[in-house]
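Presented sequentially are two complexes of chain A, the first with chain B as partner and the second with chain C.
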Partner chain A sequence: MLEIKDLDVFIQSSHILQDVSLSVGESELVCLVGRNGAGRTTILRSVLGFIRPDSGSIKYGGQELIGLAPYEIASLGIGYAPEGSAIFSDLTVEENIQISTWTRKTGRSGEERIETALEIFPVLRKYLRRKGDHMSGGERKMLSIARALALDPEFLVLDEPFEGLSPAIIPQVAEGVSAITKMGHSVLMAESNIAHVPEWAAKVFVIERGEIIFEGRPAEVYEHKEVLDVIGGSGNDERICTT
Partner chain B sequence: MGDVVSILMSGLFSAAILFLVAAGLQLVFGVMKIFNLAVGSFYALGAFFGATLVNWAVGEGLPQPLFFFGLLIAGILLGVIGPVIERLLRPIYDRDEAFQLLLTFAIVLMLEDITMMIWGSQPRSTGSLYLIYGTVNLLGATVPVYNLLVIAAAGTIAVGIGLLLSRTAFGRVLRAAADKREMVQSLGVNTRRLYVIVFSLGVVLSTIGGALVIPVTATMSEMGVELIVEAFAVVVIGGLGSMRGALVGALVVGYVTTLSINYYPPIEMLVIYLVVIVVLVIKPRGLFGGETA
Partner chain C sequence: MSTPTERTTGSTEVKHPDGKGIGLWLKLALVLLGIVLLALLPQVLSRYYIILMMPFFAYSIALLGLNLLFGYTGLISFGHALFIGVGAYSAAFLMRDGGLEYMEPLILLSVLGAVIVAVPVGLLAVRYIGIYFGLLTLAFGMLFYSFLLKFYSITSGDQGIRVEKPILLGFIDTTGIDYLTGPFYYYCLGLLVVMALVMWRIVKSPFGLTLRCVRDNSVKAESLGIGVYRYRFYAFLISAIYGGVAGVILAVSVGQVDPTMSYWTSSGNLVFMTLLGGFTSFLGPIVGAGAFILLQDQVMSLWEYWRLVFGAILALIVIFAPSGLMGLLTMGWKKVVR
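After this line comes the complex of A and B, so read on.
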């Protein structure tokens, strides 16, 4: 569904991404794990059209994304929930979700799409009239993913959906991500913590200093001590996202 | 009593005109984060074009009572310059505010020259056309009906902007874009097109302000620059980017101006900027600073 091939990105004179290749298949959850500054967000921003790579290709359903504007990429059906949630603070929770239904028309009605998003994160129903800036960190993460879902995408890009969340909230968000993949959406998820990678993820790519240094199943990461050393994980991590 | 009412109505008229221009400034700043000094030039263009269009139309047989609508149409027609000026501003969207001020001031100077080239340096007016609507007696004060029409038009536009921003999908997209530009792009919004629309709306608000003021005054080459100074005071008092701020700031500056002119004209600007300083000391972001659009 998404195929990134030989991607190189320079920002000023720094070689941020070097020959990066990865792919995400239909209905797959693929995780991109790396330390802060390793290049995760640069890959996501390249997919979303905010960064124009210097070479390589990013194909979505066979269509080249490089050169398209972010709004054109969104209109192809790629939803995005950014690291900081980017909730529109002046709009209510309901308006935050509704906005996706106005900006992209699909075969499904706005009501249906909003209902789907709220089924994934039912806790949001309680706060529909609340302003975005009155939500907690965990609720914002859920709202951000719900808003991306309301775009009615086939593909979701999630940047650190568990970052900064309390252990009590993480299972709710994890269940949401699990439900999204079960609905048939493909997901590319960036994470800095290997313990947040669901066991049922189809693949894990580990990135370090702009290069992919590992590709395999989540369980296989724990068999490579040198990879765990790079991303700061250990075989004893409590894996909190195992739905 | 008549004098008080006269001052009240005069202040409201000034505030109505100032609000229109400041609303254009706030809309553009709120969504695009550009402090557009050129609103003063748009205001002046509105005045020159409004006077020319109305005088021509009346000369061609337009019933005189319709001249008010002619002025509104003149302001709306000038919206066509919005996309052209917006295109000039694109390179500075993500640059430092100093570049924005420099470029928009350059546009002020360019438009001032263009205005001089087209209309020359002679003042233009619509004569006594505005008296066609007559006057009304309000508690002993004689108030031109035209002034009441302008106040009503500005009030209607203010309500319209409020409804647009709070009740429509487009308005909510505008508020979202004002808050997080990248995020709305990721939701499928073509912000380039959105900016053209917003900038053109801002232009139209300013040009309508200029067109509506001309029946009670006359065009002057420096009228745009003079208005920038007052509009700047309005947005600083009200808070940059806030529509409510534009309304309240326009009322404050409108009344301070009117009171100064009535009692001691030389201190007009002094008093306005004293108010600005007091507001900045008490509320550094203005009375409604931090609100989105």
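After this line comes the complex of A and C, so read on.
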């Protein structure tokens, strides 16, 4: 579904991404794990059109994404829930979700799409008329993902969906991500904490200093001590997302 | 758009924290009362003050448009008087050279003139934000001012062009000062009400909400499929249309157009009025226009250095009441309700 090949990104004179290649198949959850500054967000921003790579290709359903504007990429059906949620605080929760239904027309009605998003995160029903800035961190994350989902995307990009959440909230968000994948959406998720990677993820790519240093199943990461050392996992971490 | 809240929350419908349901009816009642009071003014005020209301109507319409750009889209224009000038001069040219004497085609064609100017200016300016957008609009405003001043053979330079009283609604052709204090007053009031209703629909529509997303975070808005430049451009065009209509009203009420209409101080006054009334409120700019015109009239008659007073007021607003007069009124109202 998404194919990134030999991607190179320079920012000023720094070589941020070096020959990065990865792929995400239909209905797959693929996780991109790396420390802060390793290049995770740069990959996501390249996919979303916010950064123009210096070389390589990013193909979505066979179509080249490099050169397209971010809004054109979104209209192809790529939803994005950014790190830090970035919800529109001046808008109500309901309006935040509705916005996505207006910007991309699909075969499904706006009501259906909003209902789907609320089925995934039912807690949001309680706050529909509340302004975005009156929400907790966890609720904002859920709203951010729900808003991306209301775009009716075939592909979702999630940037650190569990970052900064209390352990009590993480399972709710993880259940939501699991339900999204079961609905047939493909998901590319960036994470800094290997313990947040669900066991059922199709693949894990570990990135370090702009290079992919590992590719495999989540369980296999724990068999490679050198990889765990790089991403700060001990192998004894409690797995948070096992849904 | 339907309201999924009602459907999805069922019996546990969530009330807005500030009780907006009641607030909305009260606001509507106050607005209706305001319109009735404005309609009654010609019966109680002297002609001097009724004529003073003409620029109020014109600036209110211009500010509704400017606030779509400033309050809702986050773009501050320092050259918006450009469109008032284009509207006013279009009307003057159409009457002087085209022999047009009916108000409605005059408004439509002047709006067309404003749109023709706004398209190239907007296409360039909306690619910038903040001070760069402000300075670009200021530059275009000053370009137009220089054109009006220097191309004497077309514009009559600083002498300006005389504007006759156009026929309203195809049959109202009153002469003398009765025209301004009678039919034209109600015509402008009607125009303001209609244009305010249209703007209300715009800001409450999906388009208006999209503009607020663009204002709050343009990068994230793009990731939701919003073409940021396109939406800014549309907002710019709409604000130019409102500026054009305001220009026609000003031209007719003053009976004369001259280059100062699009000078940078006129644009500055528009920004001042918006801040005075409060750009965070829909009606704020209208309140600002009224307060500005009344203040200017009173302070000018008392002291020749009236701009000093206005400067001090502007500083006080920015420091102590950034939400303007409407912000103060809302705060006072909330205290009374508590």
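Annotations for the structure displayed:
The rule is simple: the second predicted complex is superposed on the first by the 243 of 243 C-alpha atoms of A that agree within 3 Å, B and C clash if a C-alpha of one lies under 4 Å from a C-alpha of the other, contacts with A are read in each partner's own complex, and residues count from 1 in each chain.
As a working rule, a contact is a pair of C-beta atoms (placed from the backbone, for glycine too) under 8 Å apart; a residue touches a chain by one contact, two chains touch by 3 or more.
Source: prediction; values computed, not measured.
On the superposed chain A, the positions of chain B and chain C overlap enough to count as a clash.
Contacts of A:F50 after superposition: both chain B and chain C are touched.
Contacts of A:I213 after superposition on the shared chain: neither chain B nor chain C is touched.
After overlaying the two complexes on the shared chain, residue contacts for A:L91 are found with chain B and with chain C alike.
Considering which of chain B and chain C touches more of chain A, the answer is C.
By the touch criterion stated above, A:S100 is placed in contact with chain B and with chain C alike. Once the two complexes are laid over each other on the shared chain, residue contacts for A:P82 go to chain B and to chain C alike. Shared contact residues on chain A (touching chain B in one structure, chain C in the other): 48-50, 69-71, 74-75, 80, 82, 86, 88-91, 95, 98-100, 102-104, 147, 151.
Listing the residues of chain C that touch chain A in their complex gives 1-5, 7-9, 12, 14-17, 206, 209-210, 212-213, 216-217, 219-220, 222-228. Those residues of chain A whose C-beta lies close enough to touch chain C in the complex are 48-50, 69-71, 74-75, 80, 82, 86, 88-91, 94-95, 98-100, 102-104, 110-111, 114-115, 118, 125-130, 134, 147-148, 151. Chain contact summary for the complex, chain B toward chain A: residues 169, 172-173, 175-176, 178-180, 182-192, 291-292. Within the complex formed with chain B, the chain A residues making contact are 48-50, 69-71, 74-75, 79-80, 82, 86, 88-91, 95, 98-100, 102-104, 147, 151.
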